[in-house]
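Note that chain A is present in both complexes that follow, paired respectively with chain B and with chain C.
What follows is the complex of A and B.
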């Protein structure tokens, strides 16, 4: 198991390295001069040149990359124009917001985590639960209701569901405050009430997919020979379904869930925009709009880290579930 | 779907009434006039259509037939493993004196694995890939011995693995099915089915997925275990060689009906039904002429939704024209086969005993029948 873990972590590191190089090159491949984006007005050639020097853009590419990576690992000195000493993990300085990118990230990352993690728990429980129930009650009204629910969920768009939720619960019934982010550690109740609509909207859309996926998986597993064996042994239904069928049916769900959660942690742009909450996703979009290249790089890198980490986690869960994977 | 009607009261009355088997008296398993129907979107499938047999403890019944002949459905019906929403079962299945048809789910569940157990065709797919072999055996023991602790169940499972000839059973206990070879997996499957000393063991094509050399070992093992545990065994197979080696009685099924029934001696030495002849002459013989042609049965197994009228075998039977139109209009009854009378050998065929004897002697015996 330890060897398995080391192998996976090694390949994850390689992937992250590749992503960081590509992101860094993207920085220079963009059709826009990074410097003009950073001084939108009154830019004379001398000022541009000075900014370019400050940013280290006149250095060779390799040493720029090395400097950037060094900043992430140990921190570095960016010079007085960029806020001086920048502690690890240093992601550079944003001329647009005039702050260290790591400070921006530290502000918006908890927001995205607060949206995605509770929503993911909700959509997994709801989706897998619905899928299992409808598979075991195939053909009944319960099954049809679950299928209808997932069809609805799969057909609707988040900004529509979000708008309806806002209209009903915030503006008409006035049951909930206008969505906003409060730190969980400052005021848990306010944290939850400010984000619950985002959770519900995300969970509704995602659980639809999971209900269909886990229903199909469960139905397939129920026709497997080993489920018949479990019944032939005289095991009671809860054991047959829970211990024997569910464990085999859940594997593909784990894979998809890992990728979805990893992707969502990289930013939930539409959710954040719909509910007016500033998280990682909106920050990334804003950065693209204003040409804030250090912030773009940081958000892309963080999204990549989440996706890679989610993949490692999925591999580990897979190995925990399926003993045949451990051999490889 | 009109599936919920439990009693098929409107059945046509042209079905054969089935004579009692001679082993019927003190048999552990008695099946009489078993009918299994599935309701599907394409129509009603009569998977089993009036089959009767009995198996005593210590004896082995071989059920032979092509795929779709109803042999596996019969065994699943005995264990109560069908989907109750789509399946209608009538007739009687008595296991150790208890009537299983119509018994509640929970009662049947308690019999399953304890009084009657099953071995499946492909042990790789029949064992759960995510649990160790030992854990699966111990689980089968503990479900019927709720007071047994983990340690006791483990000891019992290791003993069973040892008993079925798996070397280093204590180490093998903690391995997964994919770490076993095919033959060892089937041994483990047998250990699992026998862990509660069931009086009835149903083996559904237990050797089909295995190498020929391993097949013989598994059959020997089953025979040994039968002698030790004195269990009644149903051996489902399409392989008459396996039947000859392991069974005491034979039931030949075609289109969900019994077409021939009797002792192994009777059925293999003087087969009476043209279908049985076909089965025998499509098996190469080790002792006969190596150049003799194999004679496959022409055509395909019938659709169980739409069985041919009359004798279900008539479209494939080379002698169907001899009894005239009766082959196409009248379902042949299962009757004593010999002119001598009731020796337990039954056949469902419109040909007379004399015609069958003559045809068999002329046409079939020459083509190198197995054995």
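What follows is the complex of A and C.
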């Protein structure tokens, strides 16, 4: 177990390292001058040169990269133009928003977390529940309704569903306020009412995919010998389905869920754009539009960290759920 | 892709499996024929299949439809808009002349733009699905069959690709690439925009096929027929493409048919956040993106492209599912 964890964490670190190098090369080495985006419209050449110097863009690439990484691990001094001392984890200074990138991230990350975590709970419960029910009631109207629901959901686009939800609940019925983010700790009711449409839209689309997957998996598991054995030795149906079959059927669902949740935590770009909520995804898009390199770097890295961590977590969960899996 | 060698191999396998030559009344059928029969009997498959063919014909015949319809995708009808740039009449200006109404602001015809958008989306999706399937099959088969360090490296590259946030990278990379090829003020051709999109999909989209093929190949690797071929001195290419691939074409075909709608969705999503295609090239995502600003004032403008993408993706998903059922030898339908 410990050995597996170390091995897994090592390869995760390697992946993150590669992501950081690739992202760095992609944005700093390509011939588009990174400075033009960070300077206001009427920027004179001297100021441009100074910004370039402040950012260390005149240094060789390797030392630029080393400086960036050092900033993340130990913090570094960015010079007075960039807010001076920058504590670890230092992600650089944004000329566009005129603040440390880590401050921007600290502000928008809770927004994305508030969108994704409740939505993920909702879609997992709904999706897996629906899949299980329709597998156990195969061929009934319930099953057919669930299949219809999941096919429809899997074919819908988030921005379309979002638009319809906005139109109906916000603009026409006026039941909900225009989506916005309030901190959970300031005002939980406002927090929920501002984000509920985003949760519903995300959960609807994702649960459709999960219902499909878990239905197929459950059907396959139900036809396996161990389920019959468990029934034959006199176990009650709920025990067999809930404890034996569910565990075996849910492992592939866990893999996909890990990837999906990890990916979503890195920024739900489409959701945030549709509902006009400023989370990690919107921040990344804005950063790309304004050519704000340090912020792009940071958002890409954070997204990668979430995906990689989710992958490690999935492997660990596997062992916990399925007794046949042994970690080596 | 020719299916004839596949059918040959599969037929041989069935005959060797049953041992007996086909007796009276029992017709020997290859898995391909069986799948086709099942597909033809499946009403959902036929319905969604014909819908898909219809969509494809619509896309292919876009210039022809333009001629018959008499309105081009870039023509503007400002005289049919009111003082605020909103289309006159009901449901976004639906008339006998403009079937789906007009775009607010520019006053372009929505129907013909949707037809051209269909063509763009289908072309991008099919090209991307073909390329990613090829990359995925080759990498997955190599990783699964050879194993060892190559497997480890390919797996790691897969993990790496999955860890990169696709939308953000695509968003950041497209303008950079465009600048590199066209400079600061160059007129970007729409073919280039389409090419960049396909390239971005090719780089990020192959992972699922690679994983699928790798798993299937690993399951087949130790089977007797593979060992026999290896023992008779078959080369790597023969092993991969003549021995292994014919046995796993069914899941590959299914994943291909489900990849196409995914790329349609992704293309729309990318256009939605403003990458890729310029406003000149009609595309679904671009239309929805523009239309969301008019959600309250002209909901019809949101609904037409939204319903159109939904119908297209829905038909693909239905057909993919039916194909999976038809190709599954365990299914009794």
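The rule we apply is simple: the second predicted complex is superposed on the first by the 319 of 328 C-alpha atoms of A that agree within 3 Å, B and C clash if a C-alpha of one lies under 4 Å from a C-alpha of the other, contacts with A are read in each partner's own complex, and residues count from 1 in each chain.
Heads up, the rule we're going with is that contacts are C-beta pairs under 8 Å (C-beta built on N, C-alpha and C of every residue); 3 or more make two chains touch, one makes a residue touch a chain.
Just so it is clear, the structure is predicted and the values come from calculations on it, not from any experiment.
Colleague: Using the superposition on chain A, decide if chain B and chain C clash or fit.
Modeller: Because the two structures are overlaid on the shared chain, the partners are seen to fit without clashing.
Colleague: Have a look and say if chain B or chain C is in touch with more residues of chain A.
Modeller: Ranking chain B and chain C by residues of chain A touched puts C first.
Colleague: State whether A:160 touches chain B only (first), chain C only (second), both chains, or neither.
Modeller: So A:160 only meets chain C here.
Colleague: What is the contact status of A:72 with respect to chain B (first) and chain C (second): first, second, both, or neither?
Modeller: Touch status of A:72: no partner.
Colleague: Would you check which partner chain A:11 touches, where first means chain B only, second means chain C only, and both and neither mean what they say?
Modeller: Once the two structures are laid over each other on A, A:11 reaches chain C alone.
Colleague: Which of the two partners, first being chain B and second being chain C, lies in contact with A:117: first, second, both, or neither?
Modeller: A:117: touches no partner chain.
Colleague: Figure out whether A:259 sits in contact with chain B (first) or chain C (second), or with both, or with neither.
Modeller: In the superposition, A:259 contacts chain C only.
Colleague: According to the stated criteria, A:267 is in contact with first (chain B), second (chain C), both, or neither; which is it?
Modeller: It touches chain C, and chain B stays clear.
Colleague: Tell me the angle subtended at the Cα centre of chain A by the Cα centres of chain B and chain C, rounded to the nearest 10 °.
Modeller: Superposed on A, the angle at chain A reads 70 degrees.
Colleague: With the two complexes superposed on chain A, say which partner A:300 touches: chain B (first), chain C (second), both, or neither.
Modeller: In the superposition, A:300 touches chain C alone.
Colleague: In the overlaid three-chain picture, find the nearest pair of C-alpha atoms across chain B and chain C and give that distance in Å.
Modeller: When the complexes share the chain A frame, the smallest chain B-chain C C-alpha distance is 6 Å.
Colleague: Write out the stretch or stretches of chain C touching chain A in their complex.
Modeller: That would be residues 156, 159-160, 162-165, 167-169, 171-173, 175-176, 179-180, 261, 265, 268-269, 272-274, 288-289, 292, 295-296, 299, 302, 306, 309-310, 313-314, 316-318, 321 of chain C.
Colleague: Using the touch rule from the top, collect the residues of chain B that touch chain A in their complex.
Modeller: The contact residues of chain B facing chain A are 79, 81, 85, 109-114, 117-118, 120, 122, 125-130, 139-140, 143-144, 176, 178, 192-193.
Colleague: Using the touch definition from the top, list the residues of chain A that touch chain C in their complex.
Modeller: Touching chain C from chain A are residues 11, 14-16, 18-19, 22-23, 26-27, 30-32, 151-152, 154-160, 163-164, 166-167, 171, 259, 263, 266-267, 269-270, 273-274, 281, 284-285, 288-289, 296, 299-300, 303-304, 307-308, 311.
Colleague: Within the complex, which stretch of chain A touches chain B?
Modeller: Spelled out, the residues of chain A in touch with chain B are 139, 224-226, 228-236, 239, 244, 247-248, 321-324.
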